[in-house]
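Down below are the structures I want you to see.
Two complexes come next, and they have one chain in common, chain A, joined by chain B in the first and chain C in the second.
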Partner chain A sequence: MKPRVAFFDFASCEGCQLSVINMENELLDIVSHIDIVNFREAMTEASDDYDIAFIEGSVTREYDIPRLKKIRENAKFVIPIGACACTGGVNFRKNFYELNEIRYYVYRDSAKYFDTFATRPVKAVIPVDFEIPGCPINAKEFLSVVKSLLIGKKPEIPNYPVCVECKLLGNVCMYDKGEVCLGAVTRAGCGAWCPSNSSGCEGCRGLVDEPNKNSEIEVLTKAGLTVEDAIQKFRIFAGYFEEVKK
Partner chain B sequence: MQGYILTMDSLRNLVQELMKTYKVVAPVKKETRFDFCEIEKFDDIRLDYDTSILPPKKYLSPPVETLLRFKRSENKAEPVFDTTPVVLFGLHPCDIKGIKHLDQAFSENNNYDRHYLAKRENALIIGLECLPYDYCFCSSVGSTFAKDGFDIMLIPIGDSYLAEVGSKKGEELLKRIQAKPSQELDIKKAEAFKSEKEKKIVRRFNKVNASTVRDLMQRTWDHKHWKELEERCLACGSCNLVCPTCFCFDVQDEVHINLDDGERRRIWDGCMLVDFAKVGSGENFREHRSQRLRHRINRKFNYLYDRFNSPTCVGCGRCVRACTVKIDPVEIVNELSR
Partner chain C sequence: MNTNMNINVHYVTRIEGHGNIVVDIKDGKVERCLWEVIEAPRFFEGFIRGVYYKDVSEIVSRICGICSIGHTTASIRATEDAFGYVPTEQTVTLRKLLLDGETLQSHILHTYFLAAPDFLGAKSVFAILPTHLDIAKMALRLKRIANDLCDLIGGRTIHPIREVVGGFTKLPTERELRDLKKTLETEALPLLDKTVDVFASLLPKIPNFSRETEYIALVRDDEYAFYDGDLGSTDAGRTDVHNYKSWTNEYVVPHSSAKWTKNKRESLAVGALARFNLNARLLLPKAKAAAEKLGLRPINYNPFMNNIAQVVESIHAVEDALIQIDKLLTRGIKEEKVDSMPLKEGQGVGAVEVPRGILIHDYTYDRTGHIVHANCIIPTNQNCANIEYDMKKLVPEIMDRPQDEIQLMLEMLVRSYDPCVSCSVHMVKVNFK
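Take a look at the complex of A and B:
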């Protein structure tokens, strides 16, 4: 019997699920190995009987919690996909403000209709098995995780920084072009997507283990950023990490 | 130093002749930098390059290299060897020495790495004498000049080049394009270029040299400078990955979406990365950045000395160039010997 796979979304732009749907060359091969039974963005039918749950989006509302717990009960593997689900993503920025204030700043008079709490990644609510970070996820990496699960191998998410992938590609360093880049402290796996297209890394995949944040802030300030801007740069995607919270 | 004389036109001839049978790889402009790439025409080559982003070793030991292809359903695997004839053109003496180290690393003690050697045996090396740039320090590690390890070595003498012969293949090639033998004066000019090079090298070890740097390393294991570097180092691995003599790799299997075909690849790895010395139990033998940095510097100046009879650092300066916090072996050595 083919493994049954479900996709769910919480607070997100649904861009990660779109990245999955965009794999037009591989989709037919993928569905020859799995049955997709729940995928709101791609199909009408929905089932609660599944083995693997991919979850996009961060947790921002009280009633997200029972929904997540239900998914955890149903699935053998729970795999958050994308920055929002793995680390809170851009949504986590609001946690650096007074919650009520930021709610009214965003929603104005309609704020009373949006009862949200501080952004949490999925793993802060339920245990997860693996994570596929990125904003959006890298389809190639998603595919590699799916293949690993299908042949019973542990998925490999790199624990080295984006600098490694840039070097393997022979890219000119962003700092050589007078740009700033968070590649030295950001988890690789994207294939150095942004630097390869002449745009500095924004850190969307979150920090590597044991990042040297202080030294990286010095690098950023030497490249022209103020300390405040450097800290804000970290907060775009990595606010959830202890090193940045401090 | 017997040799031949190559004018710009005969150099062009030589390269065009080579392009008929070889993939020719040479330094070309890449945005703000230079890098070794396969050329389409002679004019792509930048003979005035300072250094390349990656060392030319990437054509002998590629960043990602397929070692074998397998089929799971049949339990079968076939090794992959790349025997494409390649010319590595325009290598500076430091990179020639770097390749000599790799030749040894991939064949010593009768352990032949046939994936590397298949490429190496089909490679021709044409060197190019150079002048120092902002980051290199070859004289401190004994790699200012290449005595061997090349097929042809080009030394600039005014508008022409003196082509020193390093192998039979190199000599045949020069004869095939009917290069003229060099004269006494050409050789003098080449000697003058080399002594000018020596004079221009400003980045140096202050108190040690290529042979005594090893003793310095052995004396300074507990030096406080290693701890100081802990604060600066990002442990991003860039220094490892741009190094012409780093040869550590990771091996990964990649399965096709049909879940049957697949290939085993080796990928450059680096001892500065946090997982490098981590073992199955979760124990990390070099947990701290300073430990990993001390390890890397010791690999270059101490640990491998007996095996290679010299430092394995060739002084190309790529690691300093690539480091965003400018951690510099010359500064480290000078600080340790202060």
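Take a look at the complex of A and C:
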């Protein structure tokens, strides 16, 4: 029997689900191997009977919690996709401001209508089986995870930095071009997407386990960044990590 | 005649983001008729305060996956406007080309994958694959071509990498542009010819409904505006985009987390139909012929025809992309460094047409190049009031039909606006006078 797959979204831009829809060349093949039973962005039919739940988006309000718990009860595998779901993504930036101040700044007197709490990743609310990081996710990586699940193998996400992929591609180092790049401590798997387009890594996939913090500080200082600048740079996507929070 | 009825569509499907339709009819009278927007707010305007100008566009791009190129472009234009910087001709040409790619990919996604299943009596594109595989393959190919264009020019379709303040970090080669041109000419245009036939055959299924409203879009004298222009209105003439606040009077309704807008009437509309209604005379030849064939003439007040206007614009986007590519090839691609901004205190506004309508970013910078204040006007916000007023007119006209049919018609109405609710609430700003 084909595995039954569901997609759900919380606070996000829905770009990760769109990355799945954008696999035009593979889409017909994919739907011949799995049954998509829940995908609000693309279909009206909906079922609570599914094996794999892909979740996009961060958790930002009370209302999200029972919804997530129900997904956890229904699914055998819960897999957050994208930076928002894995680490809070850009939504995590909200947590560096005073919550009420930011609510009133954006919504003024109507702030009371907008229930919100500090941004959390999915794993802060329910146990997850696996994560696909990135903003947006890399479709090739998504596909390899789906293939692994289909053959009953544990999917693998690299635990080495973007620099490794970038070097293998033969890119000129961004620092040699005078640009700031977070590739030395950011988890690989994207194929060094940004440096390959001559733009510094923004750290959207989060930090590798045990990043070499001291050496990174040295590199950034050498590039002329103050500690404050460097922290701001990491807080675009990686604010969730303890190394950056402090 | 249905004397009592409750319709409650919790999460309208096949749209971006979360919205509900609520209709209560009691004793033959419509008691409630609401378009509720219930998306989780994300507070972008709040958390881009303090961000350095070089990092702004990549953060706000994340407001929306599907129109991330539009958000990036509007953001960059607002920043460049604030610093008084004028981009090079090559940069502007590449940006226009990139917007053409986004328009095409978004319109194909919406017309074929999100809207068309309704006209074919299906609940999703997956349900019609077995019976309409040829059409699905055609649509997938068109979408792939559009995304290939965006990948080539922007480095990535969703959240473009190469497009930055002051230029492009990496440029396409002339060879890549020639290949793209060939694909557009030999594949995209013929597929779009067939697309016109497909949608011409669906025309009889488009509901016969109309409601007069005010249409607003960017306008220029010399081209069908997407990248820049003045604000134009079917009621109010024309004004500089820096005056946008006097047209997008925002207000709050309790049942919506998106902010509503109005100008001359109770509501206004933006998007493909608005652009068509204001700029049809400037469509490129093949798009003009398609509009003729599809019976679309300005001013058209039927919101369901927005789907058809999107088909027409898809053709225009490919024709325009070919013009921009020719421009680049004729002059030759020049290696241009990304320019740094001359930092100074100031405010800047960037307005571009994105698939769902006019998008405005407005930033104030301090003298060190960090944002102190931000305001964004999102297309779907501007359409919310119009959607609800359409519902209020439509429901009494179709009240004698079965409930299922009424519900479907209302969902189709919402879908025809191609709403992007995820975007619409993330940056709403309430300005009480």
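In this section, the second predicted complex is superposed on the first by the 244 of 246 C-alpha atoms of A that agree within 3 Å, B and C clash if a C-alpha of one lies under 4 Å from a C-alpha of the other, contacts with A are read in each partner's own complex, and residues count from 1 in each chain.
We take it that a residue touches a chain if its C-beta (ideal position, glycine included) is under 8 Å from a C-beta of that chain, and two chains touch if they have at least 3 such contacts.
Since the structure is predicted, the reported quantities are computational estimates derived from the model, not experimental observations.
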{"item": "Overlay on chain A: chain C relative to chain B, clash or fit", "value": "fit"}
{"item": "Partner chain in contact with A:29 - chain B first, chain C second, else both or neither", "value": "first"}
{"item": "Which of chain B and chain C A:167 touches, first, second, both or neither", "value": "first"}
{"item": "Chain B versus chain C as contact partner of A:97, first or second or both or neither", "value": "second"}
{"item": "Dominant toucher of chain A (residue count), chain B or chain C", "value": "C"}
{"item": "Which superposed partner A:15 touches (first chain B, second chain C, both, neither)", "value": "second"}
{"item": "After fitting on chain A: smallest Cα gap, chain B-chain C, Å", "value": "11"}
{"item": "In the complex with chain A, residue positions of chain B that touch it", "value": "30-33, 35, 53-54, 58, 63-64, 72, 231-238, 241-242, 252, 254-255, 257-259, 267-268, 270, 273-275, 289, 322, 324-325"}
{"item": "For the chain A and chain B complex, residues of the former touching the latter", "value": "26, 29-30, 33, 143-144, 147, 150-151, 156, 159-161, 163-164, 167-173, 175-177, 183-185, 208-212, 214-216, 218-219"}
{"item": "Of chain C, residues touching chain A in the complex", "value": "11, 13-17, 40-47, 49-52, 55, 58-59, 62-66, 68, 105, 109, 113-114, 117, 123-127, 129, 136-137, 140-141, 143-144, 147, 155-159, 161-162, 164, 169-170, 252, 254, 257, 422-423, 427-432"}
{"item": "Chain C-touching residues of chain A, taken from the complex the two chains share", "value": "9-19, 21-22, 24-25, 27-28, 31, 36, 39-46, 57, 60-61, 63-64, 89-91, 93-94, 96-97, 101-103, 105-110, 113-114, 116, 135-136, 193-194, 197-199, 202, 229, 232-233, 236"}
